[in-house]
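Structures follow.
Across the two complexes that follow, chain A remains constant while its partner is chain B and subsequently chain C.
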Partner chain A sequence: MKVSSQKKTYYWTAFFFIAPGVSFVFFLTLYPFGQAMLMSIFKVTSDSRTFIGLANYQRAFQDNLFWLSLWHTLYFTVISVSLHYFIGLGFALLLYRLGKSIVSNILRGFLFLPWLFASAVWCVTWQLILHPHFSVLNALFNSLGLSRLSHSWLSDLSLLPLTILSVVSGLKFFPFHMVMLFAALQVIPLELFEAAEIDGASSLQKFRSITWQFLKPVTTIILCYDTIGSFYYFDLVWILTRGGPMNETEVLSTYIFKTVFQLEGSFEYGSSMAIILMIILSIFIMVYIKIFLRGEFEI
Partner chain B sequence: MKRKKADRALLFLLLILTALSSFPLFIMISFSLRDRELVFASLLFPIKPTLNNYATILRDQILMRCLMNSIVLSILVAMIAILVSIITGYGFSRFQFKFKSLLLYLTFATTMFPPILVAVGFFKVIVRLHLYDNLFSLILVNTASILPFSIWMMKGYFDKIPKSIEEAAMIDGCSRISACFQVVVPISLPGIVAVGIWSFLFAWCEYLYASTFVGSVSKRMITTGIVELLGHFIIQWGLVMAYAIIISAPILILFVFLQQYFVSGLTAGGVK
Partner chain C sequence: MKKENILKGSNIVLLMLIFTFSLVFASVLCFNDFAQAEKVTLTVWDTSSNERPEAVKAIVKAFEAQNPDIQVKIETTDWNSFAQKSLLAGEANVLPDCIEVGGDWMQPMAKRGYLEDLQPFIDKEPDGFIDDYLMATKDSWTGTYSYLPWIANVMGFYMVEEYLKEAGFTEAPKTWEEFEEVAKKCTIKGADGKVERWGFVSSQKSSAEFVRMLLNSFGAVFENPDGTSGLGSPEAIAAIEYKTRIEKNYAPEGIAVFEAKESRDIFMAGKAAFLAEGNWMNSMLEVGMMPGLTWKPFLTPVKDVPTAVVGPEEYGIGKGTKHPEEAWKFVKFITGPEADAILVKQFKGIPSHRVNMSIPIVHLDPLVAPFADQLANAKRIEFYGGYKTYGAFVKYGRDTYQKILYGKMTVEEAMKELAKKIDEEMAKQ
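And now, the complex of A and B:
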């Protein structure tokens, strides 16, 4: 009898500790999510609510602008994630090679900087660097005698603006990959390299069979995380181009934002596109959460 | 000897690349020091550097208001996130029950919703609660976005602290909650600082919600405020860049003194 009441107290205490925080999070995220789900399959007028099924989803599949935005989103994600990863990996390896010293710490601090700025600040600065009227970059090219290289970076009617946006994102978020990969490099036992040296392994062989093996797990998780983040990314495109010129840089986030808050005020259509966006990414999301919480499931 | 030469080349290469990646910061500083008439008079370095832009901003009521709003919002979000994540993180770390991993899984899964979906869904809720154009709505949505991660981080810190420490206190007659706050919390200060910094940083840099849930000028945040400066017909770049420096300064200062917490937060899971 005593044992069971003790057990009861135990569960009540657990409940008291966990419930407030978890219900706060659930109420503020799952509820809007459910709301969006409902909005996407019901037509709501002032006093009635009619079930319209998947009509909004069908509309998305027939909407050329939706397909264009999806293609742009994919393009943006692939380029910026690769840039983040390869720049980050490059710096991590260079810093690792440099070894531990004060200089290396200071360099690491400076390399981390771009990540610290708010997207808004970063984009405003790049607006100045790429501005159609006075572009710092073009001015720089001109003064170096390379005026052939200057462009209207963000207003060209081609893939150039979107590529430039990916590069701006690439230069902002690589420190995340750098720090993660650098941390992974720290745990490699140096004896492995010494042994490989004795066996006469080449640098490439050493990288493939030692370094890469330690980088692989962290690579999976940061690539998943970054793919999700870049797919959802709104600030950069919105602040720099608003999806223009002529929808050349329209991505899904900005198209949804426009649909809901500007053009037609259609919450229904907007939320169905947002849900499609999430479904496309569900594989990455599941892999990410699974790896992230792996420690938890093993215990 | 050869090795030393290679090292020097490596260092040189890294220095150049670091300088290149800090170029936007250089542009910010350089343009923030230029007078209105001389903004485009030179390329890299300002002619006749001046602090006029900074003085103008300090006198500009709207821009200072945005700064105040962001300070209040970020501090409140950080404080709520710290308090809630201590309690919930402690619960997740110390109690065992059925469906615990499922609950953690679900809590964490909420961070994977597209922010635009949260904005769209939450907008209706906010209007219904009459919270549109109210800073309270921003506090709610920012805290909810950062909490799953903060809870996870705090749980990680608590997991590292042996249970025996608070068990001893509880045998001495301490209740669970006071054992948590008087015994465990003081030794998890690094975790608390990290959670605080991350939540502060998130709210400070947030743009999408700040541009959706509030409308009036007096409730603008720094991020929406600086973007608004680009909307003028003639953009005063000196002013914009000085504001960029002012609103980035708190983060940069925090980073200089508390660098290890930024990195430990990153490696604990990663937040963008």
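And now, the complex of A and C:
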């Protein structure tokens, strides 16, 4: 079928509009990904590049530190994403309750501050707060006569340093959840609450049947987005603990970084671990989308 | 009609002006290119310009004066990010003509073939060229000279003189037994039983200075002739037992997680009497030490023979450079005795050439002499970067020390496990 000249113009116009975006995606994501895949199936020495198939992947599966780092990554992700969400939800509900007031506006601005800090600045600040010997937090406790609350926060294994890192992450990223959930709360028609009140619904019933139904779509999206970000999070662990003590805070992103740039200079092994991480995340997202985004949202 | 004619004339004048300017501009560019074509421009990546900018400028100036047909363009990167930059550039095949290498990434740079083999260049030099270097070593992976040392970094100790005097000592400790005794007496507790000042502090990096000095001093062989790790030996175990005792009793709580920064912060805040580091700390202490305290370096204590541990910074030639001969000239100069002498005389460096050991400042300056004397008198000099197992040691070492300090394993168990892990790692590579 002959395509009319008008349609041809249309298609060419569309092509030129999307070409920059597609090029961007190709050169900054697909091409590096392809390079990483290629790299992961070779072994490099000073005078040769040998094809070794899936040997690097096999090595990763036999590497105890890889599995430990993966487990830590999952742990960190679950704890920090939970904290991001529930702290954000709590403040979003509080701001919704306060309504339009000066207090609400001031509080909203104040609560948004952690999100505004550059990640590295945030991490370096917490490095001082939790410093093994010049800890600002310990100094505060000591000055308040609460010196028994002073600890070596990141070196005392009984305090679960990885959990402490998750809390620090929680305090940084909750504003994003707070803002998104607050925006979702704004669109709930007040008549629904009035009707529920008339029907004698309890607070919990109102939350479950009305509030949560409006929060669910946003929750699904932000949890997915946040999980991906937390899986790859590097700055906090690197600046505060470098994966120690005794690999207790080693996550996959820091282990991959060390493998490539510090321990072996092995781009190949690092690439294979990065691809495994990507596959794990991809499976998670596919399952997540299938379960939580199946069907349409209806009230 | 008249208006149109004027416009046409203006257009012609404008076009002629644009054409003339373009011609002049192009001519200037071409002339510059021609002039530059007479000179070779070498791109050099370094990190030392951050710490000793005047030294690097002086050396480059001296080199360019002797080689008027070569221009040197230095690009400086911070030490902490230099490894990433170098390795990535190597992988992308965009390395500069000459590059400074050091630390834990020196071996990967050579191992992955990012550096030119310097042997063909060295072969053309007069006999004894390599012998004058105090610590030129062949890379353990390539088996050839992939880099040459230009700065000698010698490990040692620093002390606060006031604290030693308070504890009743007038001299730095000379043996490890004395070291422990001084550290013990310098550890001060307050009325509440909390330690107010510690005897000793050091970092827990795998390649930490304290560990390396102890292993060498106690006679531990880092790597056996058959390529297996020597860190499970009785000497290595004894060295780490000593380390553990000192750190558990006289070092800050939480030392198990100390990076270099934490240990330096503690010492510079006047909270410790001894710090294990290297001669690079001189410039940092000059600006960062707490006012009112007198600090100075001292020799590594002796067990049976004097020893020295060196971590030199090196220079290599980037693989595939378009100017190999000129790059070699620069590498030979910056790692050579003349540049070494500039570093020593003007910037209190430790000599990396035997011929410069006789420069007076080397043995007279109190900040240089301890390190230089240590190197000159050492019966055993260790340069850990020269071992194939070094990378694996860096990978597992810190974890091992931490397991010991946290009481998860005894020293013997931990060191034997470390040696085993290193050997298993080597089998995979």
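In this section, the second predicted complex is superposed on the first by the 269 of 299 C-alpha atoms of A that agree within 3 Å, B and C clash if a C-alpha of one lies under 4 Å from a C-alpha of the other, contacts with A are read in each partner's own complex, and residues count from 1 in each chain.
Convention: a residue touches a chain if its C-beta (ideal position, glycine included) is under 8 Å from a C-beta of that chain, and two chains touch if they have at least 3 such contacts.
Just so it is clear, the model here is predicted, and its values are computed rather than measured.
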Touch test for A:Pro245: chain B only (first), chain C only (second), both, or neither? second
Touching A:Leu154 in the superposition: chain B (first), chain C (second), both, neither? second
Applying the document's definition of touch, where does A:Phe26 land relative to chain B and chain C: first, second, both, or neither? first
With both complexes superposed on chain A, which partner does A:Phe261 reach: first (chain B), second (chain C), both or neither? both
Based on the superposed arrangement, let me know which partner A:Arg59 touches: chain B (first), chain C (second), both, or neither? second
For the overlaid complexes, name the partner, chain B or chain C, with more touching residues on chain A. B
Using the superposition on chain A described above, determine whether A:Val121 touches chain B (first), chain C (second), both, or neither. first
Once the two structures are fitted together, what part of chain A is touched by chain B and by chain C alike? 134, 260-261, 267
What part of chain C is in contact with chain A in the complex they form? 83-84, 87, 91, 104-105, 107-113, 141-142, 204, 252-254, 256-259, 262, 265-266, 269, 271, 391, 394-395, 398-399, 402-403, 406, 408, 428-429
Once bound in the complex, which stretches of chain B touch chain A? 7, 10-11, 13-15, 17-18, 21-22, 24-25, 27-28, 31, 40, 43, 84-85, 87-88, 90-92, 94-95, 97, 101, 103-110, 112-125, 140-141, 143-145, 147-148, 151, 176, 180, 201, 204-205, 207-208, 212, 222-224, 226-227, 229-230, 237, 240-241, 244, 247-248, 251-252, 255-256, 259, 262-263, 266-267, 269-270, 272
Which residues of chain A touch chain C once you look at their complex with the stated criterion? 44-47, 59, 131-134, 152, 154-157, 241-242, 244-247, 258, 260-267
Residue numbers on chain A that touch chain B, as the complex places them: 10-11, 13-14, 16-18, 20-22, 24-26, 28-36, 39, 91, 94-95, 97-98, 103, 107, 109-114, 116-129, 134, 136, 139-140, 143, 171, 173, 176, 179-180, 183, 221-222, 225-226, 228-229, 231-232, 234-235, 238-239, 252-253, 256-257, 260-261, 267, 270-271, 274-275, 277-278, 281, 285, 288-289, 292-293, 296-297
